[in-house]
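Letters A, B, C and D mark the chains in the order given here, with residues in each chain numbered from 1 onward.
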Amino acid sequence: MDYSAIYPELILALFAIAIPAIGMVVKNSKYLAAISLTGIGLSMLAVFLFFYNGTGPIEFDTGLLVLDNFSALFMMIFLCVAFVVVLASGKFIENEKHVPEYYCLVLLATVGMLLVASAQDLFVLYLGIEITSMSSYALVAFRKKDLRGSEAATKYFIFGGFSSAFTLFGISLIYGLTGVTSFTEVGAAVAGLTDMKEMLWVALVMVIVGFGFKVAMVPFHSWAPDVYDGAPTTITAMLAAGSKKMGLVAMFKFFLIALLAIKADWEIVVAVLAILTMTVGNLAALNQTSIKRMLAYSSIAQAGYILIAIAVGTEFALTGGIFHIMTHAFMKGGAFIIVATLATVAIGDRIVEYKGLAKRSAILAFAMTIMLFSLAGIPPLAGFDSKVVLFSSAIYGATDGSEWMIWLAIAGIINSAISLYYYARVVKYMYVDELEEGEKSEKLKLPTSMLAAIIICVVAVIGIGVWPEPFIEFCKDAAAAFF
Amino acid sequence: MSILEYAWLIPVLPLLAFVIVGFLGGKMKDNGAIVAVIGVGGAMVLALWTAFEVLTTGVVYKPESMEWVVLSSDYSMEMGVYIDSVAAMMLIVVSFIAFLVVVYSTAYMHDQGKRQRRYFTEICLFVGVMLGLVLANNFLQMFIFWELVGLCSYLLIGFWFERPAAARAAKKAFLVTRVGDVMLMIGLFLLFTEFHSLNYELIWGNLTTADQTTLAFAGFFLFGGAIGKSAQFPLHDWLPDAMEGPTTVSALIHAATMVNAGVYLTARAFPIIATSADVSLFVAAIGGITAFIAATMALCAPKIKGVLAYSTVSQLGYMILALGTGAFLWNQGHHEAGSLAFGAGLFHLMNHAFFKGQLFLGAGSVIHYVGTEELSKMGGLGKYMKVTSITMLISCISIAGIPFFSGFWSKDEILAMTFEATDVNLWFLLLWIMGVATAFMTAFYMFRMWFMAFKGEPGEGTKHVIEHGGHHHEAPIAMLLPLVILAALAFGSWLSLFIGDGFYSVINVEGEFHALSIIERLEEVFSSPLTWVSIAMAGGGIALAYYTFNKRRISAENVVSKGFPKAMRQLLLDRYKFPVAYDKIGYVGVYGFSLLLDKFDRYVIDGIVNGISKFLIKAGGVVRKSQTGFVQNYTTLLLLGVSLIIVLLYVVGALR
Amino acid sequence: MLENIPILSLLLLFPLVGALVTFFVKDQKKAKITALVFSAIPLILSLLMLTEYVQNYGPYQFEETYSWIGSLGIQYMLGVDGISVPMVFLSTLLVFLAIIFSWDIDHRTNQYMALLLVLELGVLGVFMSLDYFLFYIFWEVVLIPMYFLISVWGGPRKSYAAIKFFIYTHIASLVMLLGIFALYFEAGSYNGGNYSFSMEVINSVSPMFGATFQAIVFGALFFGFAVKMPMFPFHTWLPDAHVEAPTAGSVLLAGLLLKMGSYGIIRVAFPALPSGAQDWQWVMVVLAIASIVYGAVMCLAQKDLKKMVAYSSISHMGIVLLGFATFTEIGIAAGVFQMFSHGLITAVLFMMCGIMQHKAGTRNIPRLGGLAAKMPYAAAFMMIGFMASLGLPGMVGFVAEFSVFTATYDAFGWLLLIPVISVAITAAYYIWAMQRVLFGPVTTEIDTAHLHDVNWYEALPLAVLCGFIVLFGMFPQLIMGYITPAIEGIVTLLGVI
Amino acid sequence: MNIPLEYILVLSSSLFVIGAAGVILKKNIIVVLMSIEIMLNAANINLVAFSTYYGDTTGQVFALFSIGVAAAEVAVALAILLNLNKQKKTVDIDEINLLRW
């Protein structure tokens, strides 16, 4: 039992428990945010120390939890998301009730994500997912007087529970087939499985459906836009950048370790679903009038891109997948936080309200443009680099014997081009359209803490875009540790 | 150190004047006229000197050409100078007439005020590039200047650009000659790929080893350029329209020099054309047809410049006929006769330049005086414009082909050679008949013009000028002097037959030619019955004109009042419907097609592009609407998803 | 003297810094001057480069290499050869002149100028990168400023045109990117797993690639470049973009952006996929000829002067492609020269369209007329531009056009007869347009009482361009001297001679 | 007495399908919530059964965890439902479609 493997989770969990207690005394949202940030910071420090020490993988208990390059990288990503979200929340929820609980739940949700990142076991994975999910349900419903929020939460828990049931049933079948629960052992057992294939198929279908709901894979995606739309925007940022990616991490582990032996059977399924996901996501985003919904659909599409990594299933592809998760966390998190920031100055989420934003707040308009262009994959921004790695892995797969993989790249590319339409439309509203007489045109006064969160994202997106080398190396190490 | 080494300065001087007048002319008191005169005059002096040097020594001046562009390891374009006797003759003609016209213009264009700057700029440019064209030592260089003279022609025809007719004429001139230029370009591509060079001498020297089919096509296409530039059938129709420019421009460009460039090109391409009998015959036929139909159109042209324009086309036809005949004879092995026909064509070029230049300048003088171009409004001008009428009469006699005037000598030789070719190919008989008929018509329409303008009762315009006392004196000396000089040449240029070894011994293909003394030549010419035929034709034409338009024994009005003659006259006035045909091709054919294509572009090609985007947005709308917000609609998708997965698993083979 | 100066990096640096600085200069006048200064420096640098470049030395010169994304084999690698040198000069010149020409912009001036400089950065990057990835990045960088230029300062249908331009060309670039990656992996496998995006590395093994692979990948690359050039039938974004774009935008769009497409073909597609190029030769020839004739005929039908000029660009870029597709030294060299000359000429033409729009208030040809009387200088410039564009000798367009057709006959024989028709049609639409716009009686359709001739900031760029048009027309060797030695390598690789 | 594994699997599968059908078909959100619980319990039955089959305790332990998690989830879900009910006065699943398109 090497507890140093779970220091990040432990630290975060301690803070999560402590915050409601502190909240009895300290009511101010900003101070609570600062305390949460401290917790996240400490947790990051623990992860950083792992990298710094370079001691190699630390196992908590054999086959249960591990802190290696892969999990540490994802912890870092999730912690960054949490950091940015909390930073932005300080101002965003300052006039709400139950502020301490909010931070507690955010931290708990993050703990769940960290657990998933380091899980080595089906059950730990399940528990991690559930911790995050339950915290998220509550967070989505955080504004108790907001009917939209309540509705979103209702939909969220129905689908969350539904998908959990599928996942759990699938897990139970796999357990039944193999008698083991650790990913690597399951992988070995599946490889050696000779009979009872039918049950494996059922398990496979269950797992695909379960995770399909989790990561909003088409056709199990429909809940996502509604929930993202109705949730408080900072929470949307966390859902899109954090918990959805957690689902993808879980999928990586499930498909690329536990079910790798039968890859030939599911790769086409995942590939088709990936293409379907990106296409439907982009198409539905084309006509959106609400920026939150548009970004939600864009998230669906991006998940489709990341699924390419699973379908291709090589170390290279995984590098791309991880890289895209990383960049997407910043792009999409940043974009939602910009939306949240604008909401604090009474600019709602209809796209038309962004008209003339460049005049009213040059920095926000610029940041939004960077985020959107990065999402569209325009160089030299982070989204471009990660997409390049991702798609090129498919091309490599195609030149390396699996010709069909080229279609993944082609579909990804066509979708990127389509997506440019709706991203550019927002940019057009912000920069091109002029404000007319009588429309609000005064400069916006923006909260510093939220700006700070946005600037972190902008710097990350541009920085990773221009100098991706170290990040690609991280992702490579992570992918290498994974296999 | 011979003058020849400065030959390159010949085009440079006018071009220098072009730059100076172009940029500074507006600041000068006379709008740059003096600079233009000096520039062109300097060029003339140099050109005459150079030509003298070349013609007297008999040396072909061909310095090393310089590389202009290196296109690749085996293709390069060069620039150089090549002055043989043909070029020398052209130098004389061009530079001399150009100088006279520029001098004439200083007076003629005086009332144009500030616009003179543009006029002299463009004229200087023209003279420069025209001389450059003559000096070129390769077809490419010639083509470059060829296009530039076309540009000048375009600019000068459209000198009064605010007149719609002038603007239209300029456009027509440019575009119709452009069609010829395209053919010329094709010819050049053929030659360039065949020889990897366009140098005259190199091509001439390697004709026997080259691919004969290519050569035939090259000759054909090169001649296509001449068809455009020298206004040959069927691209002749731009030249009558080109009379919208100032009369000096018509004299210089559209009578004496630029239109001869086509003939000059044909002369340069002569050895290439002569490699194929078919192409040679084609050239001759085009010349003959052009000569004939242009002459018919001149018969009833209402405007003085119109008559001269048709006449120009017709005479150019003669030259082309001569060259084509020469090439044909050459091809058939009759080198001497071919060479003589070649010389005759160029001789006619020179003679024509003088008398037609004179006629145009004279017409300018008339228009200047009477203020109209309509022949019917003139009449009786002879009394008031003695110098003009007499000098023009000389030119008319010359062009009509009366013995001992220069036109006679060349035209007679051309017809004689055409007849000689009849021995080889019977088609030439037809061409000869057309040529003879043309000679008759030429005499008739020239004198029709002359009588209508200078004799008879004063016309409307004449009266108007007399009564209102405009200018009772004739044009100023700067205008009269060129008239006189040119008239002298129109009469006397035939004497060049007897200078030294004579014209034909210098201007021919072979380089050596037996010279005839004056007596021998007279004997040879007048002993031939053919000569008398042409003399009879000329005399007949003049007589007919005399009785119709001077004595008025025959009423022209009555003749053409009804029936076939009336229809014929209308057809001629309509120029055989050529303008209509051009417009039909241009506006209805090409433009109509382009409008159709525009629709195609907008609705089909762009329609597909926009259709895809519309489809995607529509699809997006459908997908979006499928998001109903009802939880159980979403959960029902589960069934869809599961069945999709199962189908896929089945397809992949896992479930089989 | 320049040996120790990273001249190419400086060429990129100054527009970049200039764009940033200009963006934050709020004062209009100062913004213009800043932009002017920051575009003048690259112009001077490129002139220096022209003088320092050794013409008859084959390989790339002024090379700079730094590792950038080492794990993917991506370098920051710049260098120029005889093909890129004229393009670099053209780019710096046109941007400089476009900035002068935009002196009357008074709406969001600082942004406008900054965008022009960003555009310069992208275009220069494309012409100088020797790494496929870097090439692609610069290629995409160009799109964004152009999108904004059209959509902010454009005409009435600017949104439509801008997004069409953006997405259409973006799709093309992405397809090209696919191709580039395929190259990357294929070359890597031939290089023993040493994956690199370096052009030199990939091109050195390119002849070994399998024939099918080459054919497929060439298709992808060609599609990317053909849209950019643009070739029929992928051209429809161009007229829309041009019609709506502001003048400087059009100048750079036609003058530089289209060249990127043809440059890509000669720099990327041919050397990397020689046998693929041969498989696609006839497609290229057919598309080129179709573009030449189709573009020319379309011009005749246009009523909008600018749209006419836009279609003429399609026609003239077709000549470039035709030259390339001959696979002969002369054809390719002439194609490159045509890129250069078209850049100069089309700039004049689009500036003239801008002047018409600005002074007369309309570009509708039937509504104009007799303007030569009212604005003689403008008329003169227009005439020079039109004449140059229709290939008049003595101007820069002639030699290229002539040589391309020579090469066409050399390579394909009588097929020449089809594209050569365009020579006559080209003359027809220019001359006809000129007759209707400049000549005849002064139009009554528009208010001509207050029609002024060109201003200094319009006349100056036009005069400079016309000067160059005549200069390089009379002395083409000044540019061909750079181009010809660089072509041999490509032709050898294509294995035709 | 040993109940064959197949029987248990049939039971759990049936329960799972019943639950899923309930989620898809039932209009009352509370019932939907119960259906989800049924599905979870189907999985739990599996876990326990396999645990017995393999003779190790992992499955049973996990089933316990799972029951706990499910309980917590129901708690959160009911809280949210209560909140929704306060505002909308309904538990009909078809009446919550404010968020759509």
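The working rule: a residue touches a chain if its C-beta (ideal position, glycine included) is under 8 Å from a C-beta of that chain, and two chains touch if they have at least 3 such contacts.
None of the values given here were measured: they were computed from a predicted structure.
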item	value
Touching both chain B and chain D (chains)	A
Of A-B and A-D, whichever chain pair has more C-beta contact pairs	A-D
Nearest-to-centre chain - CA centroid comparison	C
Whole-Å gap separating chain C and chain D, where each centre is the average of the chain's CA atoms	65
Gap in Å, rounded to a whole number, between the CA centres of chain B and chain A	78
Inter-chain centre distance, chain A versus chain D - centres from mean C-alpha coordinates, in Å	26
Computed distance of Cα centres, chain C from chain A, in Å	42
Multi-chain contact sites of chain C, meaning residues that touch two or more partners	167
Sites on chain D at which at least two other chains make contact	20, 23, 32, 96, 98-101
Residues of chain B touching at least two other chains	613, 624, 627, 629, 631, 635, 638
Chain pairs that touch, as defined at the top of this document	A-B, A-C, A-D, B-C, B-D
Residues of chain A that touch chain C when the two form their complex	373, 378-380, 384-385, 388-389, 391-392, 395-396, 398-400, 409-410, 413-414, 416-418, 420-421, 424-425, 428, 431-432, 468-469, 472-473, 476
Chain B to chain A touching residues, read off their complex	613, 616-617, 619-621, 623-624, 627, 629, 631, 633-635, 637-638, 640-642, 644-646, 648-649, 651-655
Chain D partner contacts - residues on chain A that touch it in the complex	123, 126-127, 130, 133-134, 137-138, 141, 144-145, 147-148, 150-155, 157-158, 160-162, 164-166, 168-169, 171-173, 175-176, 179, 181, 225-227, 229-230, 293
Interfacial residue positions of chain B with respect to chain D in the complex	624-625, 627-632, 635-636, 638-639
Chain B-facing residues of chain C, complex	164, 167-168, 232-233, 235-237, 294, 297-302, 328-330, 333-334, 370, 372-373, 387, 392-394, 398-399, 402-403, 405-406, 408-410, 416-417, 420-421, 423-425, 427-428, 431-432, 434-435, 438-442, 476-477, 480-481, 484, 487-488
